[in-house]
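Report on one structure; see the data block that follows.
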Amino acid sequence: MNGLKQEQAGRCWPEEASRVPLWVYSDPSVYADEMERIFYGDHWSYVALEAEIPEVGDYKTTFIGERSVIVVRTGDDEIAVHENRCAHRGARFCREKFGKAKEFACPYHQWVYSLEGELQAVPFQRGVRRKGGMPESFDLKDNGLNRLRVQCENGIIWATFSQETPDFKEYLGERMYAHYQRVYDGRPLKVLGYNRQHIPANWKMMMENIKDSYHPGLLHVFFSTFGLFRADQESATELDDTGRHGILISRKGEQELNDVSGSIRSFDGDLELSDTRLIEYEHEWSTPQTVGMITVFPSAILQQQVNSLSTRQIIPKGAGGFDFVWTHFGYADDDEEMTQRRLLQANLFGPAGIVSAEDGEVIEYCQEGATGNASQNAMIEMGGHEIECTDYMITETAIRGMYAYYKKIMGF
Amino acid sequence: MMTETDPVSEAILRFYHRYDAALDDRLLDEWPNFFADDGLYRITTRENWDGGYPLSTVLCEGVGMMRDRAVAIQTSMTYTPRAYRRFQSGTLVLDRSGIEVETRSNFLVLETLPDRQSQVAYCGVSYDRIRLDGPDMRFSKRVCVLDTEMISNSLIYPI
Amino acid sequence: MNGLKQEQAGRCWPEEASRVPLWVYSDPSVYADEMERIFYGDHWSYVALEAEIPEVGDYKTTFIGERSVIVVRTGDDEIAVHENRCAHRGARFCREKFGKAKEFACPYHQWVYSLEGELQAVPFQRGVRRKGGMPESFDLKDNGLNRLRVQCENGIIWATFSQETPDFKEYLGERMYAHYQRVYDGRPLKVLGYNRQHIPANWKMMMENIKDSYHPGLLHVFFSTFGLFRADQESATELDDTGRHGILISRKGEQELNDVSGSIRSFDGDLELSDTRLIEYEHEWSTPQTVGMITVFPSAILQQQVNSLSTRQIIPKGAGGFDFVWTHFGYADDDEEMTQRRLLQANLFGPAGIVSAEDGEVIEYCQEGATGNASQNAMIEMGGHEIECTDYMITETAIRGMYAYYKKIMGF
Amino acid sequence: MMTETDPVSEAILRFYHRYDAALDDRLLDEWPNFFADDGLYRITTRENWDGGYPLSTVLCEGVGMMRDRAVAIQTSMTYTPRAYRRFQSGTLVLDRSGIEVETRSNFLVLETLPDRQSQVAYCGVSYDRIRLDGPDMRFSKRVCVLDTEMISNSLIYPI
Amino acid sequence: MMTETDPVSEAILRFYHRYDAALDDRLLDEWPNFFADDGLYRITTRENWDGGYPLSTVLCEGVGMMRDRAVAIQTSMTYTPRAYRRFQSGTLVLDRSGIEVETRSNFLVLETLPDRQSQVAYCGVSYDRIRLDGPDMRFSKRVCVLDTEMISNSLIYPI
Amino acid sequence: MNGLKQEQAGRCWPEEASRVPLWVYSDPSVYADEMERIFYGDHWSYVALEAEIPEVGDYKTTFIGERSVIVVRTGDDEIAVHENRCAHRGARFCREKFGKAKEFACPYHQWVYSLEGELQAVPFQRGVRRKGGMPESFDLKDNGLNRLRVQCENGIIWATFSQETPDFKEYLGERMYAHYQRVYDGRPLKVLGYNRQHIPANWKMMMENIKDSYHPGLLHVFFSTFGLFRADQESATELDDTGRHGILISRKGEQELNDVSGSIRSFDGDLELSDTRLIEYEHEWSTPQTVGMITVFPSAILQQQVNSLSTRQIIPKGAGGFDFVWTHFGYADDDEEMTQRRLLQANLFGPAGIVSAEDGEVIEYCQEGATGNASQNAMIEMGGHEIECTDYMITETAIRGMYAYYKKIMGF
């Protein structure tokens, strides 16, 4: 959309540095444009863990933007991703979250597709007893499912609608890809389970939240008090060269009163856990970081918090809300004790997470704050106006990075 | 026809009703007192339960963890104030072995947020074990399996 | 709307033959336009059976498009249809689905209308004790209810907002009217009861579904298996000359494995009914057809399936959904056995119908498939590209007919 | 004041709870076993009931028709997978004549569709006759009258 | 742990169920008959209750006021016809003193409006006193405290 | 918006006198414009009674239009009203309806504001150990909460977003202010409690309803029958000079059959109360009026009905609905008997009010009547076409007054 049209729509990107106009969170036409330019554009979206569909014919349905897709292990043990939309009259035919299939049949008229998405049969294609049927020009080969490009990277399956999206490694950038390989090092993963929540806030607010290294040690009493994430700890915020992806890194400290923790209102020196298993970290990776939160624009969050591992997927549902899908996992060779540790630490995360429930709540507060205030701005100048990698957490640099990229691809 | 079940005593129902009343009143300090010291409390979803996934949405092994969560809810967590209202139906005694009964019940939780109409927040089935020895009944296990896999933002209070 | 505006709105009717663009199912401005051009335009809408309001003063409320209307038997034993909207401040004053009245009073200020819709009294029209009241210029005669044109045809009451809509017989066309007279032969009808369901799909999808003779023998296992509707049976699809109305005709076969049934995935030779009363047809009309499904554009479906008779009315509720009202009926002189037969066969229809529940479900799938894909098309080329009457069912000709007409009146 | 009613026994409530549990668990093959062979099952709406219209939304005369429907639901029908969760309240014994009791109860069914929050699907009142002779109780009649005249798309499972 | 509570008798539950059935059936003339002549009926909200505000959403001091309201609802008031369906859970006897028992119960009311799906209208807790002397039980007091502070347009029928 | 744009949007104000076009009730762009021009424009909105926040630090949250605001008693015992939106990333941070605070802290990053709305502290404003923090240019003083103008008038707190809104007395006009001072005479008030309801009708319909002196004696059987408000009583309708504010005045009569009551359909000579306490008036003000209903445009209604006192606040929620908040009160020095009287009379009002429930219902009927009929008009010509003060109630003059003003400020 060009500048003139933007202005007609009453939308102006603020001139002031490090500001986000609040209309990006609620305008339905901006949202519709995001679907096209971002979710169906030149970006990779998280769709599954390979471990979720271990055998040929195993499939999973999920969403990219508002489009339903099927992720399936095909006959030659490869991964395919198809749009879940019948070539005939467009039915979203596959209704199960997970399943095993030899082929896909749309129930309406039983057009049958192979696992590879090819249309294999149209009932009565040649009519019945010489009457009816599809025209001569109709070719099964031209009417398969819309097949997306797929890339599997050390256990995660990524998909894109676009032919232009660069190779995933290049997409992520070298710096981010190195971080990616820390948890996703090629070892087989094991799914521990799912959590799903609908958050009544614009999808970008969740990306901001995870890129926001300034908030965890302030909002989350459990983090600040028990030193899971606090400003006096070793930490870093890194971005890829485009600014769209990022990682927050931190290393667990203690529940100690010092110059930093003393200045945090939410720090509670007296808070004591009856059972400390919730926050006990067991060293398991090469580097000592206890937090590594990667954001892969536009819709994936890759969580390492203590020993709790999960992917979090954003599924936008209109400008004002998104579904948030958590897939908790471990390594296939985890022993019972490590599995139990991950399961207990999961208490901190998800919709009932002692920590994460707070993130869903505060971004709802922000969405509400944007209501009736489309002409106001959010301020993202903590740490200055630069977009850069930092070795500290008191910064909103990663948010600035995302919006610099966003502004560009959206044409604002 | 589904396996025969044992009678459900008024005392068991009363135990559930006191549990619900305490939580409806947000007496979270009372919550762990309904459990044996080594009691287990879990909330999970039908998806995890049927799929054999061990993940819980809430997991407390022993009353210590329940106390920690009760403290967090009451003193540290950030969330919009709300009321939960609990309903129970269909309680069956599935098994009765020594000092414990094993039950299943349907639960329904309605949530009321400020300036909003009350809405269905959660429903599902709980599989419980209740210890009958001692002066009071106590849960030795309570597992709430949510039909409601898609949580409306956050699940704050226990069920 | 002219072509230029269409393009500005990003809407283009596909050049390819036999395609429906998916934006017709979800665009709110298309929907608004449909209300004006179709539902409030030159078309007849189903509003009631005469049998529902047998006595003077009996009334029923229903909808045409989004407007509430009152269907009432007036003092001279005629049928009138009024918009349910007070001439004063516009209250939808009549709140009962059915009732008996001597007159209609709006509760807000008790303006009173006769059964014929004439404004009879305005409280304090001349003021009180010489103060207040309506201006001199106000004339009761100019402020009656908005009265629609009405036509009763062999038991069914049709109404239209427009003065231009042709006589119902002409509207239906000779061919369709002949079919219409088969079930609606002038014998008095008897209402057996109602079913109501809200289907989250665009209203046109239900019209397509009923016009779609290709699907019943594939989607509905009960139809294909027990030969209630299957491609090897005698059948026909007919349209009126405009293409907007249609009928599917078929004749019950058996649960036999043959060249056709053998090629249907949903055919189940082993399926056996414990109680066959559900599908036993008793001959009762002049012609042997066991299925006669008439669509009267835009909102009525007239069902004969085995001995089950119903009208189905479409009440659009936004682009994404509609209420679907089933009125089951028999003939006034049906004996107890026939009534019981109709009541048992009703198990196949309605929101819990072993057959019809599937239709509601699959069109929901289609509506979902249209989400996020406004620029894609549905394909309706089964049976070729012609719009014509056929003596077979493997065709989407009646759907093509409807969209040819739709495109024209919508100006696309 | 409303006619006096008889006490409701624990056994009757348990019968209902087992019925609900079987259906909540989607054990549709069990469903007809809760009925006498010539049992009648109906779902209708308040509109039809109050208006004296004989139409049913679901009508099964005898367990054969129940079995046919159970088979259709489980093997042939096309619909989005879903969970129903049943709640019962207010059970009253209206009459007790020989080997049968006549009851009324309020029912509430919550529906959970994929990726949706749980929602009220149906509520209403059931008028039942339960046969007490024989080894198990059985419905000789169960008529569910829905307040919910406007069904959210399709009604798949029995209530 | 929450104060011990007394057993809830079948007769008390039956009294509640008859009350709910009468109201579900909109037998409003029966409504005052469930109360002692000097009985008190109130509906208020959690906001008023917790805040100590005396305002009621509905307040009837004595059966006369109940009769006046019942007449108004049935003969004079303008409102869209609707059905309410009542569910009760968690009834506890809090106190038993002489001829009265004091109870608390959770209530849920579902509302069905024409052409709409059934929806949660109200939920909350009732604090009641039931008089046991005389041939029938009667409420000497019934106070319904709504969680549902934001009413969906109008509250017509008693709870 | 200029005339040309109006026409493009298909909106035309009717040429006929005393008509309101139905699109004002449902068009979302009209609604958005109303928020800016009316609710955030040069108008005073009701926010609280002083009695609700008696002590320093006491606060209340409420809404003006769609914006949440905090009403707080500040350190110097004054009243301040702030927008409830954090200056950082816009969180609606204050989540309680009522509370007591020494300061306000946003939970997301714990920015702290004084009761006066000044930003007092930004955690790690200068970074941590020389890293991160806000840029030099950032000044706490520039980043307080958005503070509204406030005026307290005899117990009621009014607020406005605009600097241009005239002083409240001038805003109300001399005539209205005199009426205002009758109930709000400076005596301290005492809150009795709250009722809240969501009414599915456009916010203006409630203003119309209260300004409509024609309806109470017709719609409300209790009013007409017991003479609480009936056309044969002494009454008046007054407006301010702009037409936007108004008052209905009336004096209770008896349940007597006369020339007027006999012509009212809802008058019921036989209706008898078992308990008359519901309607017994005790004289308590200087003038004998038993009804004084003041509308303060755009969102406040000040009720005296018999001895029942309340403020009613309109909080718009989209074009199709609003929240309606009732604050019942008495005077601080009321004796127990008067308090009890007010509490009993409250049975007539609120969402379950024997009288007021009917108002919520009928304006829902009107909103429904406007659906699908945007090009139709409501008629408001009772009492003629003039906008003037009258000494009778059979008139819609106050509604005409409001729409004359509305049309002007909306630029229609």
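As written, the chains take the letters A, B, C, D, E and F, and residue 1 is the first residue of each chain.
The criterion applied here is as follows: a residue touches a chain if its C-beta (ideal position, glycine included) is under 8 Å from a C-beta of that chain, and two chains touch if they have at least 3 such contacts.
Small disclaimer: the values here were computed from a predicted structure and weren't measured.
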Mutual neighbours - chains that touch chain B and chain D alike: A, E
Graph distance between chain A and chain E, where chains that touch are linked: 2
Identity of the chain that, by mean CA position, is farthest from chain E: A
Farthest-lying chain, centroid of Cα atoms versus that of chain D: F
Between C-E and A-C, the pair joined by more C-beta contacts: A-C
Between chain C and chain B, distance of the C-alpha-averaged centres to the nearest whole Å: 48
Distance between the centres, which are taken as Cα means, of chain F and chain B, whole angstrom: 43
Inter-centroid spacing, chain D versus chain C (mean Cα positions, whole Å): 31
Gap in Å, rounded to a whole number, between the CA centres of chain E and chain D: 27
Where chain A touches two or more other chains at once, by residue number: 95, 97, 107, 196, 198, 219, 266, 323, 358, 362, 365
Residue list for chain D, restricted to those that touch at least two other chains: 78, 80, 87, 89, 108, 115, 117, 120, 149-150, 152
Graph class of chain-chain contacts, one of line, ring, star, complete, other: other
Contact pairs between chains, per stated definition: A-B, A-C, A-D, A-F, B-D, B-E, B-F, C-D, C-E, C-F, D-E, E-F
Footprint of chain B on chain A - complex, ascending: 97-98, 191-200, 219, 221-222, 225, 266, 268, 271, 273-275, 277-278, 323, 328, 339, 343-344, 346-347, 350-352, 354, 357-358, 360-362, 364-365
Residues on chain C engaged by chain A in the complex (per definition of touch): 22, 208, 214-215, 218-219, 231-232, 260, 263-266, 358, 362, 365-366, 368-373, 376, 378-385, 390-395
In the complex with chain B, residue positions of chain D that touch it: 10-11, 13-14, 16-18, 20-22, 24, 27, 30, 33-34, 83, 85-89, 108, 110, 112, 115-120, 136
In the complex, chain A residues that touch chain D: 95-97, 107, 196, 198, 323
Partner chain C, residues of chain D touching it in the complex: 43-45, 47-48, 51, 53-65, 67-69, 71-72, 75-80, 149-156
